[in-house]
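Labels run A, B, C and D following the written order; every chain starts at residue 1.
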């Protein structure tokens, strides 16, 4: 493939990582959600680009899902939830931003090191893509573990999943990509509904653990 | 014919110890009395005591069981057999191989076992005191005795008394440290076993200090006679054991004519006399110790014996 | 279509059809019966795989010596559990913990789960396998939450979240494997077909494979319940309906384990890639010892046995990690025995909890006095799970420990240590529950003894005598696993 | 024509059948007779077969392989001299215990918890002795433990019993794991688990050393070697008395068998220091065991502790045998091994007898605590007579059997100056001293046991209405008492019976004894040492009866009953008697201070005060406090700490996963 296409794909993937970093930086929920919407849009772009490059037209479906579902539906839904639960003012990072950022950089470096060990004979685009995807996944996990709030953890999970989709689309001719993205969207929908259903304000398990343990007689 | 003769000699030996045992005790008492400037009872007083006891009726505690009445005979028999198996005037008699030194010690052990049981049978506190103190003393005296036996056996290469005596009598066996140690230990054990001063006082009935007497407190009449007799025999046994192991000279071997036998008996009686005098002097010289000093006394004996054995293990010539 | 394919198809289609029917059926008695019948038919279909000749491995489906072990075990335990569940839910309806609509949902989900697990076993396509595993997981999530109690929901939620992360990691691993295969095999589905991959694994890029394996091990390892990825397991076991606990411990863990094994073989086939063995050994030992210590403080009887499942999964993973014919054989045997025993234990525990009206260990005492049938079953089960002869697990533990000690003495010491610690804990709880002054309700219980006793009988038999064909077959599989 | 071993296996099958039958009928009234009758018949038959094999063709070895157990190896079974001898021990004990059970079983409150496991227990012990490959051995071994555990748990409502059962089974499986490691070591990586293969293989020095240590842990924990003995005094008394007898008298011997089988048979030539280790452990066990027994006031626990002492004695002889074997002194080794095996036989006799006696006391009085017993000799004369015989035998007093084996052990010790190594030179006499000490203490201990329990005056109302036990129990006890005397006065018979065992294990034997004049026994030469139990017995009998006759013939045989002398006080209460604790007090003062860190505190009120003076004695179980409490504490601490992981939030769990992932990725990144 010629340099330009490569560069564009590269750019988009890199942009995705950048946006992940931005998510790490946010400490307000609304801001976080907006950044995530951006994340989804960038993903949609890169997927579409892949579809174009690889002439794999089914990938456009994935791109569309990313755009409509993740960039629009979910963020709106999350806005609603936040207002319902009245937690839009929370500052809710469990770990300081700075250290989080440092950790993030470390993770990106790690994924680079890992992927650059891959023999260059492999498709370079795929290789770079993988490096970015891996870092996005790790960053998503990082978001999940550094945020206290259920909503932001959902967001983290979704960014993680974006990384997956990026990797999947980056892999030439990988079957089932669309199905997988659909499946994941359903999964996320479940999670969001769960958050909404169980009125989970604080953490995923806002359910008072202490009370539970008394019930179970688990704690002495 | 020869067999019958040998059996006769064996029987003679058994009778000899039976006859001499009270005499020895009487002799010791006499000498002690003399040393304390008393006239003291006559030599044959023990015989008289025995006879009188035998004629008396037995007063048996209500709570005494059949065991209580059997035990005196068992004790007497065990002690007698043990005493008869020790070469007194002659070695290598017909049945001398029936039991070696270890077995003889064990026989005395059974006698003590039953005596302690007798003490507990009636169910008074005295019996208990005596029994528990007795077994405590025994639990130290027996190991000491066995270790002494070890060192003798290591020197002689046998636990068979006749052989031991023969070896100890042989001139090429010079003076040995380990043997000296075991001699001292043996004397200490003998004192303890026979309830002599300083471990116990045979002629006291003060409850707090009694050991042997406390156990037999409930006995009377013929039963008491048996037990007293057993005590006499035991003293004789230890004396003749020491003499046959450490001063084996004058012991005649079996199947040497009657003249030799007579000589042997004479020598044996001489040895007994000497030992009796020594014992009397010793007992007069020192005082009885408290019951709970006894473990230290016997512990010392045990250590001496162990030391002797160790020395022998380390080098055969010490 | 030849006959054998029908067998495979049957294994997959019967549960689907049954699920559809069950979703429609209102009457719970009928649906319970249908549930049993369907499971039985599936079992028959699975057994028919022995007699009929195997299908050629296609792009999606595969039947080989390895997965037949799993399929038959799966369908068998699925069948017995359905029998147990029939009597279990009857009681639940009486006490009103479950309602008829719940049950409709429950039965349908049960069959879907069976379908998912069977699919995971027969799938020859790593993507398909992933989908199947996740399907099975999600159905179990729904069933864990079925009681709608606070705790049940919380447990289900925990399970769901941790599971989803596991799902994601496993998927990434799968993608990486595809990426590694793609340059060699070429684009398209072929690069996901396991039989193709295993042939050419030697040519794959080792670095990619390594990363892939790490992700797969964590992703599927979460389902296997290896420490420290185990967090969902105890609560899910404790709060869900007992039949589901039985299936979770007895089957779902095996499904994930099966996936791990497949990828382990893949990695082992590539010489430059890191050896998967040490990694698995480490994880196994960690889980074993960790779970062993965790057993002591348990107050909830189902959670107790959930931790013992973690412990045994640790042993199995350890065995497969050690590799070699002896250890692999032991691992397979241990897996089968554990599934049978653990599900039997959960059958007993289910009835016990029902009759005593509590899961608190402290409130259950002297079972052998009040309910001899259940009590002694529990005693035998725990004795078996603790690895005492003459029951099957003893044989596998014998092989694992002795072979390990001969090869890696330093590994055997912690193994033995963990076994002893776990033994102490299990026995402590057992003496509390089965013996002593009886406590709690002494009401007679109408239990279905057949499933648990048949399991225990099988385990006891296997401890003393293994039929020769089974052995040769296991040995063959053990050599495949390398 | 089936081989002998398969015949024996049929016997084992019959036992298992009896167990199944027991499950079926256990709640019927007739079950007790049925089951114990069956086990009696079976074990008697197996005893006969084994004895015939041992005497008939001593050198003969018959093996059979069944398609059971480890698939590609099968279950190997083998009957040689050693296993034949132990089969004799096992089944003799089993038969007598069954006979006893015929009577004792009727007092059993929960027969359905005893009957099914009793035959299974016997089957297990037989299988261990017959097994010829590691898997079968361990399977039977653990099966034996399991069955006995079930029997310990028979009276599970008592708190102590459940605790005892728990500690017992944990220690048992600890031992099994140790054995498992030992066999794994001997089998090697490619799993040659048959004993034949292990015999053929020549293990390296290191392997042999490790195997010895592991065997000491494994077999020692079952036999009750200090410091692995803690479970024994808890578990043995907890079981019904005839089972206690089996556990103490027989099961510990099966453990000894396992040790002998591996160390003497499979492991090839021993190293000389192995003798030192075993000697040391044996001596320590002997003395500590009997000291514990002396401090005890529960009759059955006292017996259990004395079992530990006897195990120590056996292991001392085994250690000597090892030392001699390592230094190529076959005749001495044969002597020592014979002593060990002889003591195995003896102990199985008198320990069963004593436990039966304790069981009889328990059934008629419901008391195990000696402080509440006393004076039973008046109520149950026959029982007290046989119990006395047992006490005399176990105290190693001539002319009974206990003395003979101790005597042989001493004779073996006297051979040891020829040993070259200094370690042994110093160790052996010290151990000899320990052996003598333990013998003397044993005598003291059993004076106490018999005296407090049977003599004196009743200490509680329970004793008042006690009466003699049933016929079956008495029959069982009298048989054993007879055997004790027989083995004591005809030791040559036993020694010659043991010669094939020593021949097969050491390649040498003691000289033929039955050829000696007057049936005396002569280990080496008559001039060195000899003992004749028969004559000693005859002499004592003759002289005692002679004395009695003479006195009753020529002197008075008048007799008057009167109150005992109590310092002039009218009828002193039974409470004034010496108790078990006060009896042991002098010995406690001598040995207890260092063995148990025993402390006595006397609170004496001031003169004139009416408050009672009180004496408090505190005794520490040093072994338990040094070895087991720390372990328990450590486990508790670890669980405490790890248990926090049960209560994390999902976010923290995710963090765990995340960290784990990152670590693994780092490992990959840093991978060369």
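Basically, a residue touches a chain if its C-beta (ideal position, glycine included) is under 8 Å from a C-beta of that chain, and two chains touch if they have at least 3 such contacts.
Predicted, not measured: the structure shown is a model, and the values here were computed from it.
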Contact distance in steps, from chain B to chain C: 2
What pair of chains is linked by the largest number of C-beta pairs in contact? B-D
What is the distance in Å between the mean C-alpha positions of chain B and chain D? 35
Let me have the rounded angstrom distance from the C-alpha centre of chain A over to the C-alpha centre of chain C, please. 31
Taking the mean of the C-alpha atoms as each chain's centre, how many Å separate chain A from chain B? 100
Using CA atom averages as chain centres, what separation in Å is found between chain C and chain D? 44
By the touch definition above, chain D meets two or more other chains at residues 646, 650, 654, 661, 665, 668
Two or more other chains touching the same residue: where does that happen in chain B? none
Check: chain A positions touching at least 2 other chains come out as 114, 117, 141, 144, 204-205, 218
Set of all touching chain pairs, with the criterion as stated earlier: A-C, A-D, B-D, C-D
Note: in the complex, chain C contacts chain D through residues 157-158, 161-162, 165, 169, 210-211, 214-215, 217-218, 222, 228-229, 231, 234, 274, 279, 290, 293-294, 296-297, 326, 366, 368, 383, 386-390, 394-395, 398-399, 401-407, 412, 416, 419-421, 423-424, 427-428, 431, 435-437, 463-466, 468, 471, 475
Of all residues in chain D, which touch chain A in the complex? 646-647, 649-651, 654-655, 658, 661-662, 665-666, 668-669
In the complex, the residues of chain B that touch chain D are 54-67, 73-74, 76-78, 80-81, 84, 95, 97-100, 102-103, 106-107, 109-110, 112-113, 116-117, 120-129, 131-133, 135-136, 138-143, 146-147, 150, 153-154, 157-160, 163, 207, 217-218, 221-222, 225-226, 291-292, 295, 302, 306, 309-310, 312-314, 316
As the complex stands, chain D meets chain C at residues 67-72, 134-135, 138-139, 142-143, 146, 153, 156-157, 159, 162, 165-166, 169-170, 173-174, 177, 180-181, 183-185, 187-191, 193, 635-636, 638-640, 642-643, 645-646, 648, 650, 653-654, 656-657, 660-661, 664-665, 668, 671
Residues of chain C that touch chain A when the two form their complex: 127, 131, 134, 150-151, 153-154, 157-158, 160-161, 164-165, 167-168, 171-172, 175-176, 178-179, 182-183, 187-189, 191-192, 205, 207-208, 211, 238, 297-300, 303, 360, 362
